[in-house]
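Structures for review follow.
Shared chain: subunit A. Partners: subunit B in the first complex, subunit C in the second.
What follows is the complex of A and B.
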């Protein structure tokens, strides 16, 4: 098991450096640089060339790309992601400021989606082919197909503008700082409802269909028939024999979902003014704020690597055969 | 909560209340020297006081500024400011002339990276700029320029004893000590900025007690927030204007405004392109813009046609210059007379075997740019001209535009308060380094631009720019198309929200500093 983990870790480190090169080259090959953004957003006449040169010099933009990469890599291995072109704040501080909001929103959405979606999926696997299962399949497909920005606007119109029962946007109320602890928690929960629903409904549909098909696959196999033939109750068959074998595809899905906890969702964060990583990313890209784009890309890449490492370890826990192969 | 309909009982301004303003994006910084967006300006206007304010007509004024009076030396190189001796910063310390010198030095120091203001003070004579005493400031320049006076609106004075400590670029993004009528209560990045009226303010006190800025990026969310009364003002899109502004139930609580800002759209024709170097060709191309269809169809009547380089709201505007009339047949005749004929019968004019074809770059993200160029493409085709449209991503588009690497481009300018057009039409301003990216060169225009730049008598400047307006309109280095009006929605509890022709609701004096809220509607 240990060699398995160490080997996965080494692959992870190599992949990380590959990713940094890819990100760096990609970001720098997009036409337009932060300085031309400055020129574009400031009216005629007010441009000081001395100031623009100073910006280029400070951020090493006047040097060849390989050297710029060197400067940047030297920074990130010491956890110095540089400072934003736009607001002169350290990128690490920006990420640290936005990360908790994004993490909280996506974690709640993930839990809601998984805790509702997976049981429904397992339930429908046991009644595969029946009308109720078919109907739920169609319903989930419809849910999955609804564009989230549209659903978000409908939810806002209904619950915030028409009925006035939920806040329209933001993470907290105006008087949040003056409230007591319970009231603060309640306020946060109220603000979470609409964005969580917007994020969770499509995810829930995916979880339901995914776990349904995973379990259906297993149920069809011979050892399940054997277990039934032994006289085990259908609940016992499901819990002891089928479920564990259906876990592998679910772990894969988990590994794919975890990076979203860090990377955030641009659309939902923008509509609900959720002050998280998604909005930061979007703003940074539209202003060509290289240090912020690069810092966020690295953070997301690390999260993805970590999630796939975690998934690899969980595979080994769930399925002893994978452990043996690793040796 | 939803707002109550407004009763018509109150006409005298009263103090108190909170106005809730919307920011489309978070501010970059509270440091007034490093300002990089209009949102930064919106907040700074409450916290800091400049050496001079601009009035509703964008002319410099001492009202509401740190200056009691000022003198300009006869050669135009020395500006002497007599500062208001009562002026204090929000930490209680007096505003001294040495603080103004410190602020100016921070603006011109390349290490500050003050992209917004440094260009205005490129000719500052730092050695001659000094504080004569606590309240007398002399600012010296190496060269006299007429637009210089307006630039003092950008000098928001900061206290040296505060801003000299720590890293200037990063230490003052979250805090503020200024001499404005408000002080900072808190800034929560990504969420809000709260200001409160200073009880010790030294000037004419404003009426509103608190100003709360909420950051709402999404226009739809902001419009819903305004209807709920979560915010008091927001810009609205053309769709909202068309669909909602006439609804009686909304008109009860919401005040809809429409006005023109100092900005315009234009087609840039590169004179490095042999095809476009002849002004007769540029005029023929201008005659193919169906302005009435654009205004009525594309902008639903909320735009107006331009006749040249200055807008009707600028004092430099020449009302006698006619708008070029839509006349594709006339355009074809001009081109025919220059030897452009459709010899091969393919519907496109040609000369020496080459078809008349132009590529136009546009910002692909702008739906109105796309729609405009498509309409134009169809009209040009009727006149026998082939227009290729190249939509580019924002950054790539700006890079090609400012480097002059295009045949034609559809673009827009936001104008500075002073109309001096040196930066965009003078032949000394070719890229790289300058913004005359159409490579326009006419010695007569250069001479008028130079004269206008150095003429200190306002009436004479007006005459010079009117002449320049006619000359540029005739040369058509750009084809100026339309000014598009902005639409704004305000809750009706906000009183005395006035509009400046060219600057809109904010950033002129008194502007937003003169708003008030009736007593009965101060709480909600």
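What follows is the complex of A and C.
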């Protein structure tokens, strides 16, 4: 077990270097003077040559490329992603400020998607071959193919414009601060509904498909036939033998979902004007705020790396076949 | 083997409907310059013809799917938008299939260090939220149809690479591969003549999903205002302008969105049914 974890961690460290090198190379292949990364291309004309040289020295741009990479990496491991040149605040502070609202949105969406999707998927696996199974399979696919930005617009059109029951966008109403506690909570919840639905429906389809194929895979195996042969009822076979084995692969989804969630957040937060990470990134892209773009890219990639490490280790804990594979 | 797969694929009515739909969209896209160009064409508007008197006009007999905020015919713009969607979907996927198959074949055939490097590369790409990478590439290198296709290919080659790697690993131990080696074939000949053609089916499955991904992501980029530059008509850009008029112009939302959804769903269904047709256990 320990060797497995250590090996996995070492791979993780290598991947971390890979991630940083990939971002560094991407940024350095962008046409234009790298100084503009630190002050913004609009500020360049206003500065004298001496001032530009000063900035180059300050950001180590006068040094060879490998050294530049070293300085940049040092910043990253100490959580110093530089300063946004749009509002001149540390990128780390910006991320910390926007993270809670994105986290809340995604957590609720994840719970909704998992709590509905997994049971539906498991249920449809037990009805293999019947019409309801085939129909649900097609339904998952159609749901998964719906573009989220379209669904968001339709939901807004229907529930906000037509029926006036849910707010069009934003995180709170204008009079939020004057309200009592229960009214505040209710207001937040109302603003959550449409973004959560938009984020959750496609995930739900993915979880349903995934858990369906996992359970179908298990049901085909010999030990299930054995359990049936010794006379266990089909409910007992399902609960005691099949389900436990089918749920283990769901752990891997943990590592795979994070980048998917963040991508979804960009679109959903932009449409519903939700003040979170996705919108921060999109605004940074629109204003060419390089330090923020870089900081967020590194931060999310590293977070994903941690999530997938955690998923792999949990998987090995849950399934002895994995950790014994190398022996 | 292809004939059996095709017969099994045809057993699914849904898959045939999807295939027929894609055929129709492709035909419409190809004939767009004749279908919707000027007063004499079947749809008497070009994609950028402005009808100032009829701005944001709901669907009627003249403008079948209504007009946008500049008075442009939505149907004409959607017909031309099909060209963009299909071009981006097919070319981006072809690029990622080429790169993915090549790297996957190297990893699967040589194993060892080659496999290790490709696997780490895949792991690195998968750590990034795909939309972050796509947005960054498009923003850094300027939005054009080529940077968009490149960005989509860069984020999507990993699935092809994983499929091909697995297939090649399995195939290289089969008798025909050993026979080719024994008769003196060089590595590249074994890979490209003997192994890759046999790994084509899983690549096609993955490519079908890839086209769906590319089309929906290109539309998302256009929707966010970072897609193919205006005034080129794309399905995403019509939806993008619909954002401003969500309160009354329902036709700007419903029709282009339906086009994106149905095309994406068709490619996803084709990929899924094709995969089932290849899987002998699905009987």
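Following the convention adopted for this analysis, the second predicted complex is superposed on the first by the 276 of 327 C-alpha atoms of A that agree within 3 Å, B and C clash if a C-alpha of one lies under 4 Å from a C-alpha of the other, contacts with A are read in each partner's own complex, and residues count from 1 in each chain.
Here is the rule we go by: a contact is a pair of C-beta atoms (placed from the backbone, for glycine too) under 8 Å apart; a residue touches a chain by one contact, two chains touch by 3 or more.
Bear in mind the structure is a predicted one, so any value in this text is a computation, not a measurement.
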Open item on the list: Just to be sure I read the superposition right, which of the two partners does A:7 touch: subunit B = first, subunit C = second, or both, or neither?
Closed with: neither
TODO: Check the residue A:150 against both partner chains and state whether it touches subunit B (first), subunit C (second), both, or neither.
DONE: second
Open item on the list: Quick check on the superposed pair: does A:259 touch subunit B, subunit C, both, or neither? Answer first, second, both or neither.
Closed with: second
Open item on the list: Which partner chains sit in contact with A:22 here, subunit B, subunit C, both or neither? Use first/second/both/neither.
Closed with: second
- [ ] Determine, under the contact definition given at the top, whether A:161 touches first (subunit B), second (subunit C), both, or neither.
- [x] both
- [ ] Pick one for A:86: touches subunit B only (first), subunit C only (second), both, or neither.
- [x] first
Open item on the list: Once chain A of both complexes is superposed, is A:304 in touch with subunit B (first), subunit C (second), both, or neither?
Closed with: second
Open item on the list: Going by the contact rule set out at the top, does A:50 touch subunit B (first), subunit C (second), both, or neither?
Closed with: first
- [ ] Have a look at where A:142 lands relative to subunit B and subunit C in the superposition and call it first, second, both or neither.
- [x] second
- [ ] Pick out the shared contact residues on subunit A: the ones touching subunit B in one complex and subunit C in the other.
- [x] 30-31, 153, 156-157, 161, 168, 270-271, 286, 288
Task: Residue numbers on subunit C that touch subunit A, as the complex places them - done: 14, 120-121, 123-124, 126-133, 135-137, 139-141, 212, 216, 219-220, 223-224, 226, 236, 239, 242-243, 246-247, 250, 253-254, 257, 260-261, 264-265, 268-269, 272, 281
Open item on the list: So in the complex, the part of subunit A that touches subunit B is made up of which residues?
Closed with: 30-33, 36-55, 58, 83, 86-90, 97-98, 153, 156-157, 160-161, 164, 168-172, 174, 270-273, 275, 279, 283, 286, 288
- [ ] Name, in rising order, each residue of subunit B that touches subunit A in their complex.
- [x] 1-2, 25, 28-29, 34, 36-37, 108, 110-120, 122, 147, 169-170, 173, 189-192, 212, 214-218, 220-221, 224-225, 227-228, 230, 392-402, 413-416, 420-424, 433, 435
Open item on the list: Using the touch definition from the top, list the residues of subunit A that touch subunit C in their complex.
Closed with: 11, 14-15, 18-19, 22, 26-27, 30-31, 138, 141-142, 144-150, 153-154, 156-157, 161, 168, 220, 256, 258-263, 266-267, 270-271, 281-282, 285-286, 288, 293, 296-297, 300-302, 304-305, 308
